[in-house]
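Note sheet for the following structure.
First chain written, first letter: the chains are A, B and C, and each begins at residue 1.
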């Protein structure tokens, strides 16, 4: 004897409300539209984007953990070729730039949210903060490059000694990830300015989390470099 | 703003050939692409193994066509000692990365995970497409090493430094070939990370209404757990490959110590540690073998449940076991390094979690066996391969008892015992899982059934064949037969050659038996009898799609609602002895 | 039908697999570790034997039960099902109690065997021999009457002139009386400490009869020590993939009486 169950109400009520979907709560996204233009496909940019960025950051953290442990093993291996290098001064300015950029990005994020909620009419304030973040980020990368030039002028290249190897690898890999973050930021700015491709809150959030993580990661790396190199 | 109504989505499926089959965003197509890549990789890897086995017992026999591939490596088709090792390296690399990480995980997972949770696609379809094509690029880079300079690297899939790090001085293939290997694996890591990202985000966020985590089928859980492991494991292999590449091309000394005299050249490096490579590699490498086997565990459990017409004693305990194995897998990597020169105390420390992994593995085996008790198992090709999986998993697993103990490993390390162990417990068992999944899901992916008679022949010949190949490996190991030898010339090895001959015949026999599967696969794809949407009468969501293969958005515009736990079998209902997860019907108690 | 065929097949396979283990032969070849000629090997062999029994019983039991259950419960005419008594809980308890205890015991007992090889330092009066592994040969060096090894200079290695270790006898007094040999020759019943140096890439030292295996790691000064108990000639083979000649990288351990060894050593130094 078959009875018909009611839809599980408790599960429905417990689900978080999703914005601009207008359906019963499963997965939904724009599939490839008739024009076939891939760029118009939106990856799901609601919760998955936020989850996705944390997952990605976990992987990045793990990679740097591996590099850090390699550094510790190498330094602790007892060879006498571990010579201390003085960290170029500019690194401290770069750090400042990166931390400031996180602040400006947070201001940008709140400002963008205000704009999207209709509390703010003009795009110019959010764009200003986004531009500031971009500039500070570029300043950071340029500063890192100057740090490299500084080391090179002292005769310290990638293969010179283990300290210099780790310095270049750690700062280089981090800088590459920062460039990736700048790419994400560019995409956010492009979407924000365009009317046809509206920026989603979760995309803005994800990009911000990534950027802040780059800052935290840098502070950690700087500490390790200062401590060990 | 484009029309986002449900109706428009259904009509907006891609139309051009390129969008449909090449650069597709559809997880189902991407899953099939991964399967096709794994298919090519497994046959390449298998052919390499045939060449290796033939060379071992008939060292002077020319292999037809090989002389064309490499005049230097196989002049006249006769395999040189270095070429043997180069083939061996490619065999391992292809099989571990491009087959075992791809097929049970990326292929079936991509195809079925979104459907099983009621989603229309993965969370990030563009990343998904990128992950496949990046894997493809990695594959091409790897294969290209056959065609450059003096061929592929000869350092094994494990690529130990300094052999892999010092460059061309170390031997043929160690120049460009090894660099291509390093780059290929680096690229593979990127692809794998993208894939894992998708699996995790999709599982956490895209479940349909009513699909709580505890209602997910066991195979969905297996893919989810595997992707968590893979995320952290490949994130470690990537920097390791980077450091290796830097040692090779940039003159750094991460893995190369001072004062090495390789082929009369003093290497200009100082103070690196070969053990560091081993630690980094195996920190990835051990979780990797669980990445290879967990999806197969999930697939086999899922299929057995359906064919037994009842749930396991507890499929939730199986899930907890998979989680435990995943967690423990990060604590045991040193068991590959017992005699490596690392601190001998560490060896003991690593051996205890290694032995402890026996516990969840035993629980799983006991649950499988205990669930078979009193069941009414339907025998078909898929369920037979599941049974074969259990047998192989046990056989391969018990040899682990030996290898987990450092004192015994002193004798068995680097012998054929190890090779037998991992081929059985990881290679053959996972392949059986892949076969089971293929026979089981073929009707859903193609709308046709595979031929059952051919499937059974395939199974029985493969079961006998793989045991005939790999069980004798253990005997060889007990005799102390060292691995990765291209010829058996030592005094104590010569009497063992008849065993090797037996194995070679078994390998060629088993290889031939796979042609039955290949024929069945392609013939059934085009000429197989049409399948109903749910030919196995299974409860999980992939069987509730309106058609086989499922429509572009999986559910034909509807969003499924889930009412039940995944395995409502052995109950009374309007459909028979089962209730599908998406059916609102309440299961009656079976009399 | 298929289920019954599987059941029969799995039983045959399981029993057939066990035969070579019990009989120690397969296809006419001996497939068991050779006679142990070391002082520490007995513990290892005992450990192996215990493990073989436990693994063997687990293996046979699992395969036979698998076959039995498939025979009994596949494609049955009647649909009535019963559940294994105790359910999943029983399985978890059995696994923890039996298997857990068993592997713990194996691990604890086995660690003693490991400790005798690796935790005990070489005896103070152990005979020191240095070995160098390089692509694709092993060389050994005795310190000579002065009891000291000369310094190794990798850049001075000259195989053509038999200077395998890169010694500099002109400038290094300790190197002048060092004796180099392509084989490892040792006296019986005396502890040997083998100092291990890798010339180029990773190699490994493996003597089956001695129950010894240890990697040569470039950049690391490793050593193993052992006491051979039986006169004879035993193969030393390389077990760490080192390049194209890996399969051929081997030499011999010759164990002689103390008298014969002294004679040999004298003849080498002339």
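In this text, a residue touches a chain if its C-beta (ideal position, glycine included) is under 8 Å from a C-beta of that chain, and two chains touch if they have at least 3 such contacts.
Model, not experiment: these values are computed from the prediction.
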Report the most central chain, judged by the distance from each chain's C-alpha mean to the global C-alpha mean.
B
Return the chain whose centre of C-alpha atoms lies at maximal distance from the corresponding centre of chain A.
C
Averaging C-alpha coordinates per chain, one finds the centres of chain B and chain C separated by a number of Å equal to 30
With chain centres defined as C-alpha means, what is the inter-centre distance between chain A and chain B in Å?
32
List the centre-to-centre spacing of chain A and chain C in whole Å, with centres computed as mean CA coordinates.
49
Contacts with 2+ other chains: residues of chain B
258, 271-273
By residue number and range, which residues of chain C touch two or more other chains?
none
Enumerate the contact residues on chain C facing chain B in the complex.
1-3, 5-6, 9-10, 13, 17, 20-21, 26-34, 43-44, 47-48, 51-52, 54-56, 58-59, 62-63, 65-66, 69-70, 73-76, 78-79, 81-84, 87-88, 90-92, 94-96, 99-100, 103-104, 106-107, 110-111, 113-114, 117-119, 134-135, 154-155, 157, 166, 199-202, 204, 206, 208, 211-215, 217-220, 222, 235, 237-248, 250
Hey, which residues of chain B end up touching chain C in the complex?
80-82, 85, 154-156, 160-163, 166, 170-172, 256-264, 266, 271-275, 309-310, 312-314, 317, 339-341, 344-345, 347-348, 351-352, 355-356, 358-360, 362-363, 365-367, 369-380, 384, 387-388, 390-391, 394-395, 398-399, 401-402, 404-408, 410-411, 413-415, 456, 460, 463-464, 467, 471-472, 475-476, 478-480, 482-492, 495-496, 498-499, 502, 570, 577
Under the stated contact criterion, what part of chain A meets chain B in this complex?
1-8, 11-12, 15, 22-34, 36, 38, 40-41, 43-44, 46-48, 51-52, 55-56, 58-60, 62-67, 69-70, 73-74, 77, 79, 81, 158-159, 161-162, 165, 169, 173, 196, 198
Chain B - residues contacting chain A, complex
1-2, 4, 6, 9, 11-16, 19, 23, 25, 114, 118-121, 123-127, 193, 196-197, 200-202, 204-206, 208-210, 212, 231-232, 234-236, 238-240, 242-243, 246, 250-254, 258, 270-273, 276, 279-280, 283, 552-553, 559-563, 573-574, 584-586, 588
